[in-house]
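Paired with subunit B in one complex and with subunit C in the other, subunit A is shared by the two complexes that follow.
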Partner chain A sequence: MNRTQKQSRFAIACLKAVAGFVVLILAFLIGYIFITGLPNVSWHFLTSPAKAFNAGGGIWIQLFNSFYLLVLAMIISLPIALGAAIYLNEYATDNWFTAAIKTSIEILSSLPSVVVGLFGFLLFVVQFNYGFSILSGALTLTIFNLPLLTRNIEDSLANVSDDQRQGGLGLGLSKYETIIHIVVPASLPGIISGIILCSGRVFGEAAALIYTAGQSAPALNFMDWNPFNIDSPLSPLRPAETLAVHIWKINSEGIMPDLTQVSSGSAAVLVLAILIFNLSARFVGRKVFERMTSVK
Partner chain B sequence: MIMENQKLAKQLMKKSKTARYERFGRLLSLSALLLIMAIVLGIIVFVASKGLGTFFKDGISFKDFFTGTLWNPGTKTPSGQQAVGALPMIVGSFLVTILAALLSTPFAIGTAVYMTEISPKRGAKILQPVTELLVGIPSVVYGFIGLSVVVPFVRNTFGGSGFGILSGTFVLFVMILPTIVSMTVDSLKGVPKFYRQASLALGATKWQTIWKVVLRAATPGILTAVVFGMARAFGEALAVQMVIGNAALMPQNLTSPASTLTSVLTAGMGNTVMGSLQNDALWSLALVLLVMSLFFNLVVHMIGRKGAFKK
Partner chain C sequence: MQNTTELNNKPKRFIYDFNPEETEITMQTKDLEIYYGKNLAMHNADLKFKKNTITALIGPSGSGKSTFLRSLNRMNDGIATVKGEILYQGVNINQPKIDVYEVRRRIGMVFQRPNPFAKSIYDNVTFALQRRGVHDKKTLDRVVETTLKQAAVWDQVKDSLNKSALSLSGGQAQRVCIARALAVQPDVLLLDEPASALDPVSTQQLETTLRELKKDYTIIIVTHNMQQAARLSDYTVFFNMGEAIEYNKTRKVFTRPKVQMTDDYVSGNFG
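Then we have the complex of A and B:
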């Protein structure tokens, strides 16, 4: 074996080691989170409210807030992202206007989430006077979510073959009718996967929420589902600390004695939820596709 | 007869129901897009107007802000100026970003090369999901692990409190790794197959092909990936804030407590009153953050244009 071959072998061995190291990092992270965290997760932990000064608090309200904010943010951002993606993929021509729009979406997607959170604070909390509330949080998360969701939907629209569009137009449908009745349904599996993937990202976001949805989780009355009462779980104007914010909050200034247990348990629940989101994104998309096209 | 013709003409000239529906749909989707654009402009205008207030309303000079090393808005420096020197945070932010990128890039490129050139099958089966999972882990969880693993490790190995630039670098290293890996993989996949075939046919070894042909051809894409990783590191708030120590001092060494733009922002915004100097100074930090984010975007665009030109 000559020198260059030896060199090649050596380099490739190094690359393998590097790749192995990256896998090890993930294995360590996931292992650490679950091994230290899951023993602290119990039914009681998931269903009881947090305690600020005593041990034995849970994360029920934070968990509920996280899901409620996620659902609200998705309901607000989906129509906007869908509309934007439809225009970008179906109508936009290659001109300066489209370029400007694409650039602004790129800028929005690369903005630090603190900056988005501060903008939400300035506009929704202070200017619109919504205070630290679910509403401010959901609107801020919408801004945070829009660029990625738009891009995901745009990609799945682009994956629909042009034959489908020509079929619709050939049958005499207008362009918009073709899009709404043919292209969007055909890309539904991709859109659903995109929504679930974005959900994972929104679910774990904290920096954008600290100054919009607030850092406190007041007690809720789970018998009262009237959204206009302030202690109802559905009330959009109550402050709502999410699970991700909770982890940050107790680690920066928490004083409960079982701080490590609570935060490792919360981290395990958070990562588990995101793992479920990521896995189901593939699974659900494929299932929807199979059902819609009867392709097995 | 003429009357009827005119009526018919009128009917034909009118837009059909479908055409109106078409216009409505087009306008609807366009307005969604314009809304996004308005949000982006809104963010820039709002943050800029608040951030510039420090300089124009409170009369702090740019020089004091960017070169002062004493940060305690509301009090005065020994020489009698307002203590709003943001240099410690700016240095902290740049230091963690650059160190994390330096540490991450070789690992990321190595992993990406393994995934595309050496073992594409294992790459797609194991490493692809691994990078996706790493991207998905929320930043507070990184911060929590940093706090409970990295900080004690740094404390025991290098001394000090364990909070500081070094801990921040380690946390950011793991956080930006998957971003750089996945984008580098995309750019390596974009290198045409016949480049590799031509190189191998000339008698180059696999490594020579990777080093001298594939990586060279993919350089613009790899640079873009690194810049994206740096942008993520620069803007990352909570994970860094949890491990860096949050002391607005010039970093003496890598293990002394320091702070970044984002850490001071998240820690301080809640404790200040809107419109006060303390608050305005924080908005100026946010503006620096925003400008840097725009700058990273610009760099990506420029690399893209240069890279495209070469092909």
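Then we have the complex of A and C:
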């Protein structure tokens, strides 16, 4: 074995070790969370409301809040992100305006989420007087989520071959028709993967929500689905503690006796949900693509 | 001119040896100059394209033939600046007031790589019509059948019209793309190296299809493949260095070219 070969083997071994280390940390973290948390997760835990002073509380309302907030945030941010991405990828020419937009998006995506949260507090909670509410939370999450979602959709659009655009124009369709009816559908698998990945990020967000969606989870009347009633689960103006905020809160000021069990159980559910989001992103994207490319 | 045996080194204007009746001309270019930015990419190509014929545009890479072709249905809008006149049925379509979408409907285009949309075969063919407000199922069904038959791919796809067009092989996909172009009832079909991504068998089938199609359409095809031009076309234009060098009946271009450069190119001594 000569010197070059030795060097190369050594380098590859080092890279493998580093990569292995990263996997190990992740495996340790997830393993720890699941081993300590999952035994506390039961059907009862998932379906009953939290208790502030007694043992035996669940996370049902927090779990529901997390999903509802996620859906609302996505409903608000998706059209904006889609529009911005279409503009940036399909229409924007290379000038100072485009550069300014792109820089803004980058800066927005690197803002600490607690700063975004406090901004949301000042703007939505105080200024707009929405109070600690799902609406304030969803709007704040939109700010938090927009840069990443825009970038994801932009990348998906950029991955669509130019041949597709040419094909549309060549048939006498306008550029707008071509984008909306040909390019966007063709990039759908990528867009869906992007949405799911962003969902995972939003789902686990706590700092941006503490001062916007609030830290209390009032009892909800699950018989009342009228969004205009304040104790309806769908009411956007009620305060809504999410699962991630719940974990933060009971660890900092919880007084229930089974605090550790609730906290680790919540953490396991949260991580599991995010894992499912991440793993399903690729799967769902591929399924959509298969549907588009093969039978049916 | 017909009897000259000696070859020109480079003519001042290109050699133009046929003169169709005014009524037979579908498309014509006059004083065309195409610029990318400030660079002149293509000029000196006053060509007439005869109805119901296949004209091949040949020449080395970068000779301007694709640029020329793409100007004919204004696909260069926003990419290159095209000066001069492009006459389609006597009307200059290279002016802003002309409806560019209508131009592209009448002058259809098929591209180098098959580019079916991520839709069913049926929707690929009918999409442009649906966008133009045709929703009658019977009409659309009829268009699908007619155009897929014209493109000689009906027998292979008739049982799977609802399947995604992305699942087709290259040759089939390219012919679905031709059907898609035919669905909006064009007069002229521009093809930009339509067989360069296809295997020999698909290429041969495509050529047969085009020979059938010329009964109803005027076809202009860019090709790198000289055998293809020789087999397929009635007329051939040789492009080089951003100019049309020679334009004649295909047989003459390949057997008795009048310009040295053409002779070199078609006999493979180029460069």
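Brief remarks on what is shown
Just so it is clear, the second predicted complex is superposed on the first by the 275 of 296 C-alpha atoms of A that agree within 3 Å, B and C clash if a C-alpha of one lies under 4 Å from a C-alpha of the other, contacts with A are read in each partner's own complex, and residues count from 1 in each chain.
One rule holds in what follows: contacts are C-beta pairs under 8 Å (C-beta built on N, C-alpha and C of every residue); 3 or more make two chains touch, one makes a residue touch a chain.
Keep in mind that what you see is a predicted model, and the values were worked out from it rather than measured.
Touch criterion met: A:182 reaches subunit C, while subunit B stays clear of it.
Once the two complexes are overlaid on the shared chain, A:19 sits against subunit B while remaining clear of subunit C.
In the superposition on chain A, contact is made by A:163 with subunit C only, not with subunit B. Contacts of A:174 after superposition on the shared chain: both subunit B and subunit C are touched. Touching more residues of subunit A than its counterpart among subunit B and subunit C is B. Applying the stated contact rule after C-alpha superposition, one finds that A:134 touches neither subunit B nor subunit C. By the document's definition of touching, neither partner reaches A:78: not subunit B, not subunit C. Shared-chain residue A:220: touches no atom of subunit B or subunit C.
By the touch criterion stated above, A:70 is placed in contact with neither subunit B nor subunit C. Comparing the two interfaces of subunit A, the one with subunit B and the one with subunit C have residues 174, 177 in common.
Within the complex formed with subunit B, the subunit A residues making contact are 4-5, 7-8, 11-12, 14-16, 18-19, 21-23, 25-26, 29-30, 32-33, 36, 79-84, 86-88, 90-91, 100-101, 103-108, 110-116, 118-119, 121-123, 126, 143, 146-147, 150, 174-177, 179-180, 200-201, 203-207, 210-211, 215, 244-245, 247-248, 251-252, 260, 263-264, 267, 270-271, 274-275, 277-278.
Interface residues of subunit B, counted against subunit A in their complex, comprise 18-19, 21-22, 24-26, 28-33, 35-37, 39-43, 46-47, 50, 106-107, 110-111, 113-115, 118-119, 123, 126-127, 130-134, 136-141, 143-145, 147-149, 174, 177, 181, 205-208, 210-211, 228, 231, 234-238, 241-242, 262, 265-267, 269-270, 274, 283, 286, 289-290, 293-294, 296-297, 301. Put simply, subunit C touches subunit A in their complex at residues 73, 75, 101-105, 108-111, 113, 115-119, 127-128, 131, 162-164, 166-167, 177, 180-181, 184. The touching residues of subunit A, counted against subunit C in their complex, run 161, 163-164, 166-174, 177, 181-182, 185-186, 188, 291-296.
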